[in-house]
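Given below, in the form of structure tokens, are the structures.
Both complexes shown next keep chain A, but they swap its partner, so chain B is in the first and chain C is in the second.
Up next, the complex of A and B:
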């Protein structure tokens, strides 16, 4: 992943940083180094203060029985982590989150890819199609969730309105077992984001390659599977990774039901994702130690999943430029 | 490509656009319904008598303007600080060298993959300890720290500016701070525009941040809208919810429509492949 990201960097650097053998005196270099640290200092300090330190603090909390209020907290070792694996509610929320990610990530990417291929064709007003399909992806999450609450409202919602014109019985959408489909629909509504990323990838594919294949008599499907998909694979990998990271920490069902961090109780069982359970432990049950352990478990899971995806994809993802470390 | 094929494709795309846009249309339609329209089943597709009073009621029945002001303040703080700080750090990575730079850059790229929420909750606990909850200081801190993705964007852009510019300035006695401020930053307006749009949209849409860090009466629109409008019986007044949501979503949609060319083709290409 990071190697994919650094590729652009390398190519632009190669163009601009033309070799300059002269001017290698010591003092300017030293001054330059000090200036470099001055320039990157805000980010380094922010990274330490707002990422490393909070993560460390959460880890320390996860080893205690803190409730966030009383000053008397006890060190309990890894007891919270042991408890997680004996808590069926936590484990089932983790399983639901995995399920949620496995359904929505591939669907979004596939839908986005399909749409990208379509709006990449020379049709009239394709700029307008692109903009309008992408539009839902810029609607703020709260606005999107409220909209879907209104569409799937039992009485006044459009979904049941359509069902009734078709002569079917109305469905209570926002509770179990149907609430999960509303959630999937909400996520898929934003697949324009995936379309834009895939479209950018499609436009980077050299036209000559596809033309050459056409001259050689390849069908559209053949050149799609043999040229387009392999050349697009880094872009797809990027989406798989960011999609997994995003959906594993999703709390969208909270916005679909109560719209408050302490309102986890209103979330239908089928949509009770891991992060919602974390919020419930922090803000309703005040189990800070346990909730912090849950956060660290999620962190570990996300890290493992990311590494696993990179590992598995190493053979299938095709880079046009040699990845990091091959040159320079 | 044949004519029929092109027609069929246009038709399919038209259908997709309709599906994608229909939720927004439904939101607008709901925002103009009376309570009687909301109660009828099967639902009214479009109110025969649009009720614009929903909008004024949505503004008065909760502290809409106050929340909007808080949203704007937070969006302004984070947009300005994040953009400036990211440009500053990006300049450092693009134009200066020092031991450890390569490693730092790898860390920067890696942080883009860190799960944001996992660090957010403990950050809240720390700010609570420092008595900075219910102030704007957390947003100042986040803004000053910059955003890894935007730092990367600025770095890419600055790395492409010819070195002669910098050398001429050094000969004229200009330091690196001056070079950044007077030469590089004014040239980087395409990235600044992208950064402003991205940070504004993010700050405007953020729910967890304000929900955690701000109390109910000093919160942002995102949180105020999420809890919704309820009548004295505790039941949601969905036509007001819709009207409030329209007003909440509109600024972002307008920003998008103005900048859609940049959104749709511009920065999406950079930074992925």
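Up next, the complex of A and C:
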């Protein structure tokens, strides 16, 4: 049996050796290039069709006064971009969005990290805990927002039900100024996603390092701050960048306020984030040109914020493996 | 054979990729890729053939109705769920649906001013199902002459309608609060309505368990326009290019609404009804009075508990003697100018708006039929249906057309009102300041909209 297998292997090797000279007809770099391009083609085609083309179309729209319906569209140059900087509502919504991101991103990452540390402990049924904590992250945002609206309804909600049981007055949760706290709670509700990423990072930390620190007399807190956090820093950086991008594009207040896409006007002022204003400009005010310019401005802001984070993090993020080219 | 393999350079690859994607998009967007077939199939000799795409809500004109239309008319009828974003994209690509759902009261001037709606007068002229003398006046909301609504060509037709400020009340809640039922013939005064709402509201501690009144209707701007009209004024200027919330009549309207909102007796932007609309709240016995219009009664036919307590009353009025019972919807169908199959589209519209489906709708009680001849089919079996029918028939004479502005969507105006209203309700802004704020924010939007239509 064994000798038969050996024979088969030998013959295969021999055939391969015979075929090799034919393959040499095409330079290996071209073969590699073709394979590469074939593999990336589906993504590139999707990228061109679903990203580059819409971006270009939105940019063209941003140079017009299009209302989305009328065939009478006029070229207005960069007037929409100029108007943005004279529109107090746009600027205030941008500021609110920045504040929203600054509050919710660190909170989500911190909550996710703490939960990850907890469920990384060798406790019984930790798989169950991990699943339960992660579960809200897989609930569709619309469903989560609807549930929150019901929980925090002034007259019929469970939150005020508990308060009234305790003898407290009902709170109008879904309007200013309380609505922003409900919004923060809704965002934190999905921190299971952050937990999973942090948990993967924690499990990647070599146990020997922590044991060595323990042998050297380091406390748990010292190990956590001087070994765990630095080694988790690339994971945290990833979460900061993706979290910031997600927060700057957040649409959650609309779902929380009305549950429908026609209710931008019902969003409390405290939660009137940039994307809500963009949506209102597109589909309530029918200012397609202006709204497209707003989106391009947001794109520039996100790009700047991301570059800034990467620049600032250069000295605080530690990679166990040097990034390619870093040693040059 | 030797071939020269030029390879696939990055530049060439990207160029090919772009061309392929662009081609795919161009095909997707081009009129040639329309699902519509030519207006007349070869050899049939009839124009009303081919495929018609209807954009509506599935509960109104869904696949079931499409199949029935196809069978009745010998057409292929496809449906697309109504979605403003999708409609905009379809219109922009030059491939719109052939028939679209719309609200005549608010959509007509906006669509016509943007040259997207087809003038249907030639179709009405030759219609066998819709006769001019049978058309209910509410369909004038689908007419626009370029300056005002109510005259000029017809651009659509209502599937059914309601006079949206008529009252539904829960008689059991009125009896429990020892409040006299609203008269079926004499309209309540708005101040009486407010007082009754205060007596009808039920609270559990600081929470409201039964709303006394909901006068919010289909949107605050239309409600405030109506209230201003009742007070003897006009909110929108004659050229529809500006609003004035500062007039004494508009101030009376604003003050009445703010009194209602501050009283905490019904849903407001500060305390919205979690159900989102009045139906479930009324059925649950948690709403005493609502200005919702006849159509809400359709809900009670299958709900004996609500049917037993529901009562219908005329739209209220101020003490000015003006009696106006408006329609803010007149929901129906219109045809995009760029429709590829207009004759077939009209056949579907005519069938749906005046054919068998219209008769079936008339008996359902979910609205008033748009044709006078169908109105006798409205349900009158149950006591509440009979009472509502009588009140509604008498109410029709108080309908009149109020022009909507063509320059901005009502949504945009409502968004501004809703945004500023909380300050006025909380008292951080007086009614006068509220009016000034609304004027200063809405008028530039109207001016901008007018400029863009130049």
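Convention: the second predicted complex is superposed on the first by the 288 of 328 C-alpha atoms of A that agree within 3 Å, B and C clash if a C-alpha of one lies under 4 Å from a C-alpha of the other, contacts with A are read in each partner's own complex, and residues count from 1 in each chain.
Throughout what follows, a residue touches a chain if its C-beta (ideal position, glycine included) is under 8 Å from a C-beta of that chain, and two chains touch if they have at least 3 such contacts.
All figures in this text were calculated on a predicted structure; none of them were measured in a lab.
Partners chain B and chain C, brought together by superposition on chain A, clash.
In the superposition on chain A, A:169 makes contact with chain C only, while chain B stays out of contact range. Of the two partner chains placed around the shared chain by superposition, neither chain B nor chain C is touched by A:110. Of the two partner chains placed around the shared chain by superposition, chain B and chain C are both touched by A:153.
In the superposition on chain A, A:205 contacts neither chain B nor chain C.
Of the two partner chains, chain C is the only one touched by A:266; chain B is not.
Comparing chain B with chain C, more residues of chain A are touched by B. When the two complexes are overlaid on their common chain A, residue A:53 makes contact with chain B and with chain C alike.
By the document's definition of touching, of the two partners only chain C reaches A:285; chain B does not.
Of the two partner chains placed around the shared chain by superposition, chain C is the only one that A:71 touches, whereas chain B remains out of contact.
Of the two partner chains placed around the shared chain by superposition, chain B is the only one that A:136 touches, whereas chain C remains out of contact. Of the candidate stretches 272-280, 326-334 or 362-370 in chain C, only 272-280 runs into chain B once the two complexes are overlaid on chain A.
Once the two complexes are overlaid on chain A, the chain A residues touched by chain B in the first and by chain C in the second are 33-34, 37, 44-45, 49, 53, 68, 149-150, 153, 155-157, 160, 164, 170, 258-261.
Against chain A, the residues of chain B that register as touching in their complex are 1, 6, 9-10, 12-13, 16-17, 20-24, 26-27, 30, 33, 37-43, 45, 85, 88-89, 91-93, 96-99, 101, 104-119, 121-123, 125-126, 141-142, 144-146, 148, 151-152, 155-156, 159-163, 175-176, 180, 201, 204-205, 207-208, 211-212, 222-223, 225-228, 238, 241-242, 245, 248-249, 252-253, 256-257, 260-261, 263-265, 268-273.
Across the interface of their complex, chain B is touched by residues 1-2, 4-9, 12-13, 15-18, 20, 29, 32-40, 42-47, 49-51, 53-55, 57-58, 61, 68, 115, 118-119, 121-124, 126-127, 129-136, 138-151, 153, 155-158, 160-161, 164-165, 170, 189, 192, 196-197, 199-201, 203-204, 234-235, 238, 241-242, 245, 248-249, 251, 255, 258-261, 275, 278, 282, 288, 291-292, 295-296, 298-299, 302, 306 of chain A. Residue ranges on chain C touching chain A, taken from their complex, read 5, 7-8, 10, 13-14, 17-18, 20-22, 24-25, 84-85, 88, 91-92, 111, 113-116, 204-209, 269-272, 274, 276, 408-409, 411-412, 414-419, 422, 445, 448-449, 451-454. Per the touch definition, chain A reaches chain C in the complex via residues 26, 30, 33-34, 37, 41, 44-45, 48-49, 52-53, 65, 67-72, 74, 149-150, 153-157, 160, 164, 169-170, 172, 174-176, 258-262, 264-266, 268-269, 272, 280, 283-287.
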